[in-house]
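Below: a set of structures, written as structure tokens.
First chain A sits with chain B, and in the next complex the same chain sits with chain C.
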Partner chain A sequence: MELLNQVTQFVISGLATGSIYALIGLSFAIIFNSTGIINFAQGEFVMLGGVLTIFSLNVLHLPLLAAILVAVAVTTVIGLVFERLAIRPLKNATPLMLIIITIGASILIRGLVMLLWGKDTQALPAFSGTDPISVAGATLLPQHLWIFGVTVLVIIGCRLFFNHTISGKAMRACSFNRRAANLVGISVGRMVLFSFVISAAVGALAGVIIAPLTMTAYDVGVMLGLKGFCAAIMGGMGSGLGTVLGGLILGTLESLGAGLISSGYKDAIAFFILLLILFIRPQGLFKKGETERV
Partner chain B sequence: MRKMFAVIGITMLLLCSASAAFAAAPIKIGGLFAVTGPASFLGEPEKNTLELLVKEANAKGGINGSKIELFIYDTGGDATKAVQLANKLIKNDKVVAIIGPSTTGESMAVIPVAEKEQIPLVSCAAGIKITDPVKKWVFKTPANDHVAAEKILIQAEKLKQKNIALITVSDSFGSSGREQLKQMAAKRGFKIVADEVYSPKDTDMTPQLTKIKAAKPDAIICWGTNPGPAIITRNIQQLGIKTQVYQSHGVASKKYIELATAQAAEGIMLPAGKLAVFDLLKPSDPQAKLLKDYNTDYKKSYGVEASTFGGYAYDGFQLVAAAIRKGAATAAQIRDGIEKNGRMVGVSGIFKMTPTDHNGLDLGAFEMVRIVKGDWVIVK
Partner chain C sequence: MKSDRIKFLVFALVVLLMPLPLSGGYLTNVLIFVGINSVLALGLNLLLGYAGQISLGQAAFFGLGAYGSGVLTTAYGLNPWLAMIAVAVCVALFAFAIGFPVLRLKGHYLAMATLGVGVIVNIAFNETVDLTGGPSGLSGIPNLSIGSLTFDSDLKNYYLVWVFALGMILLSLNLVNSRFGRGLRAIHDSEVAARVMGVNARLMKVQVFTLSAFMSAIMGSLYCHVMTFISPNSFGFHFSVELLTMIVIGGLGSVYGSILGALLLTMLPEMLRTFQDYDIIVYGLLLITMTIYLPGGLVEGIPALFRRLVPAKKVTEGSDA
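Showing the complex of A and B:
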């Protein structure tokens, strides 16, 4: 009974962390799907979401909802500017070059935030209190419900957008074959811009809803970005649902590993699984286009 | 022809250095701090403090009439860079003493350089390895981790808590604390019922704490620097664990209470450097005035409260300055001066350097405090 309660807690904690990874993974997948780029500045969008909300809340004294909207909007604009200034001008760049550019951008964004807002960790107040909720012998916080809720909404939103709107379908077309998409009259450039805008918004939203739990600072984006990237790879970088499952599996395994095996090997377990998946299904990463053309 | 140029060049160099030596030569001191990077919370206040102190000393006409010339480099918390910069300080800038580096890892890397070049190094890192065993040219100003660990265990002993659980961060600060706690707990007859770790960037420690909860300890000792311990404090509240929690001196700042929320941090005890509680000290405390002055000066120059970490550089400079005041000018004289300095009131405690103790602090460096309603209360 004791052990069962413990395992329930491990699973619930894991799912909560996992949905954070899933949300970040999703924002990776959105850009990858329309451009073939892994945007390593994705973690920075997450960080910007949290840091900007705290800034609007504490310095501009906006109410919470307005602060969140401002943070997501500003991050989205940063995503847009980033695409315009760093990605668009390079017409014939290889994906590898673009990936390296995103790494550069992430260092730049991190440095600027550090200079502007300092290095201190800051916390956002929880959206609806901190009284723990008890579920089957385990506890979770109201903020976890917010994370679950927002993740579900984002998944549904993505699904509707990519499968049922012209823009969404056009973005998917770009991911399958850019030239063909161009030939049928889709503006590939605009779709790439779109993908950065959506992805920055989703990333920022993730950053906002996790800030009350995990706190935020200029350097939180690195690890969160990496874990989100793992989630996306586990899901094959493709469909929304795969990435979400990837995130949840990663979070749960981390938590179970820390709880049942050894907390010292928590990250090792997660990255071991990532390596295993890359060995068994390497096509999940860069060669997706080829397998789907068959 | 070329040979002649070389001869002229060398002669001129010799003349220059000779004339520099005849004038009341400034004393060159180096600083190596992790001003950026993951340990910047240490390096930044250290650099600020050192700059402030040197400015003050020079405004008063220097020490014994010689001005201090300061060379500070940012190591970014990187041991390789720290070694390169230490060499640069010694060979290019010709400093006679180095204050820093900020972290234990960097200090251990720089120690061989200082020993080989025979330049006194006053480290601002807490790791016990730095001065144990004693190295001729190496000193350090933060109290050893084991002093804080001992303070916690003495308090636990007083409260008759026998079974303890550890949760420590997996960086050098945490693993050093974990080792010290385990060693000392064994010596004092404690039983460690859980021994968990977490990574510095982890965002949720409920799995570890669930395991600790099941082990039913009398006390939980957490060892880390923000934000980890703050997250742990919140997680403990979430899981409804009612056990007494001890934190390390690594979170002895108001920032920790703010991050963890006053409600979740209520009742937690920790050993704090006296700077964190200087306004609670008795006026008769020998450190009270110094701490207050340091905090006021720092606040006036940088607009924020002084931190314990800046205090490490403060004490480092005071040690070097005390040696210079007594007439030391060369690296070897400064080293001897620091060792024979005798009793000195500093920020981190009351130093008493000896040839066998290059740290010179004891249990008095910390004050056990409890968090009550978001503020510190000294535990009697």
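Showing the complex of A and C:
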């Protein structure tokens, strides 16, 4: 019974962090689908969400909701500027160049945040208290509920946007075939910009809701970004349910592994899963394989 | 070919005479690390610049070399030279084994996979406290020695490191001008086309990956004996990115570019001591601007600038006369 309770507890916290991975995975997929770029600076958007909220709250003394809005808005603008300054000037960029540029942007953002706000780890207060709620012998924090709620809302929002609005459909058209999309009058450049904006916003939001649980600092982006990428890979780089499932599976496995085997190797577990997926099923867990096109 | 050999001889002569005016001072010490970083950058450049395969886990191989030698010589009292060879062979075998599944991946996926390998290895350095001393590091590593000659001063270590480095630079120069090197460049341009022409792309990618791991491991061993202290921080993701920055600045697909990049990026933080932790801002800016405006790196940029200036001079001379 003792063990069962423990396992329930690990699964609950795993699902919560898994939701975050799912959101980050989603933000990877949004950019990937309209541009074919894996943005190595994605984790920095997540970090910015948390760090900027804390800054708005503690230094600007804004109320929590306003602080969150400011943080997400500023991160979105940074995503926009990043696309304009670093991605758009490149014509006919190779994947290699894009990898190098996004890595450059990632360490640049990290360095600037360190310069502006120092290296301290900071915590964001939980949105609605820390009184635990008892569920099936395990405890659930109010913040967990916030995470599940926001994740579900964002996923529904993305689904509606991509399936039922003109802009969303246009972005999907770009992901299927950029040239054809261009021919029917879609401005591909603008869609690429949109994808960076939406992706930065989703990433920042993920960073905001996880900050009360895990604390945040200038260097949390690398790990969060990589795990979000892992979730996206598991879901086959789609922006749908596959990525969400991938994130939840990753979060749960990681939490169980950390709790039952060794907490020091928590991050290693995630990367081990990442490597396994890349080696065995690089097309994702839930998709059929595609043949390489020349 | 002959001019290549002369170029290398001049370079080697400069390297070997360099310490004389410095007389074993602080700069000699910095140049030891330039030597180590040159080879590490060169290993990555063979992989990335020539074969077009990115690796963000190079620091792992460097670290495995350093920790392998460090642990074997302190805890097990093995002869350092023997340890160096054994560790380098083991690291090369490890790279060869993981090379097949890893290098089947391309582009972004390859970058992520190598990054994953790097992070896992770094976590292992931190967590296997009994063996590696964990985050607080491993100390008391002996200096290397040949007979009664112990490499315990900067000057001696300079020659130790640079003799190894020159050997590997020569090897790389020969390699890139061989059938193998041409094969690598063919893979870079189009893997499918290369395979159609009879290049065994899959094997060659793994071979060059293994070679770069081997070179990194040897440098790791030298590093641990020069420093006599190592800690996991020196072998993390940050260092892999630093190596990447070196070859992007120096020049992708250029042996001397790797050395130039290593020289600049090793000297720069030393000169700008105040920057310390903020060097990543400079690296970030350099990676972005170089890739956008000077994708060939400085080895292409400087001659291009020179060519642009020289004809301009001739015109003015002509107008004078």
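Just so it is clear, the second predicted complex is superposed on the first by the 275 of 294 C-alpha atoms of A that agree within 3 Å, B and C clash if a C-alpha of one lies under 4 Å from a C-alpha of the other, contacts with A are read in each partner's own complex, and residues count from 1 in each chain.
Everything below uses one rule, namely that a residue touches a chain if its C-beta (ideal position, glycine included) is under 8 Å from a C-beta of that chain, and two chains touch if they have at least 3 such contacts.
These numbers come from a predicted model, not from an experiment.
Annotation for the three-chain superposition on chain A: chain B and chain C clash. When the shared chain is aligned, no partner comes close enough to touch A:F176: not chain B, not chain C.
Of the two partner chains placed by the overlay, neither chain B nor chain C lies in contact with A:F148.
Of the two partner chains placed by superposition, only chain B is touched by A:D120; chain C is not. When the two complexes are overlaid on their common chain A, residue A:F10 makes contact with chain B while staying clear of chain C. Look at A:F161: by the touch rule set out above, it reaches neither chain B nor chain C.
In the superposed model, A:D267 makes contact with both chain B and chain C. Comparing the listed stretches 132-140, 240-248, 294-302 or 312-320 of chain C against chain B after superposition, the clashing one is 132-140.
Shared interface residues of chain A, touching chain B in one complex and chain C in the other, are 114, 119, 222, 264, 267.
Listing the residues of chain C that touch chain A in their complex gives 48, 52, 54, 56, 101-102, 104-109, 111-113, 115-117, 119-120, 123-124, 126-127, 192, 237, 241, 244, 248, 277-281, 283-288, 291-292, 295.
On the side of chain A, the complex with chain C involves touching residues 37-38, 40, 85-86, 89-90, 95-97, 99-101, 103-112, 114-115, 119, 222, 226, 229, 233, 262, 264-265, 267-268, 271-272, 274-275, 278-279, 282, 294.
Of all the residues in chain B, the ones that touch chain A in their complex are 36, 38, 40-41, 44, 170, 196-199, 201-204, 206-208, 210-211, 214, 226-227, 230-231, 234, 237-240, 255, 258-259, 261, 263-264.
Only residues 2, 6, 9-10, 13-14, 16-17, 20, 114, 119-123, 130, 132, 139-141, 210, 213-215, 217, 219-220, 222-224, 254-256, 258-259, 263-264, 266-267 of chain A touch chain B when the two sit together in their complex.
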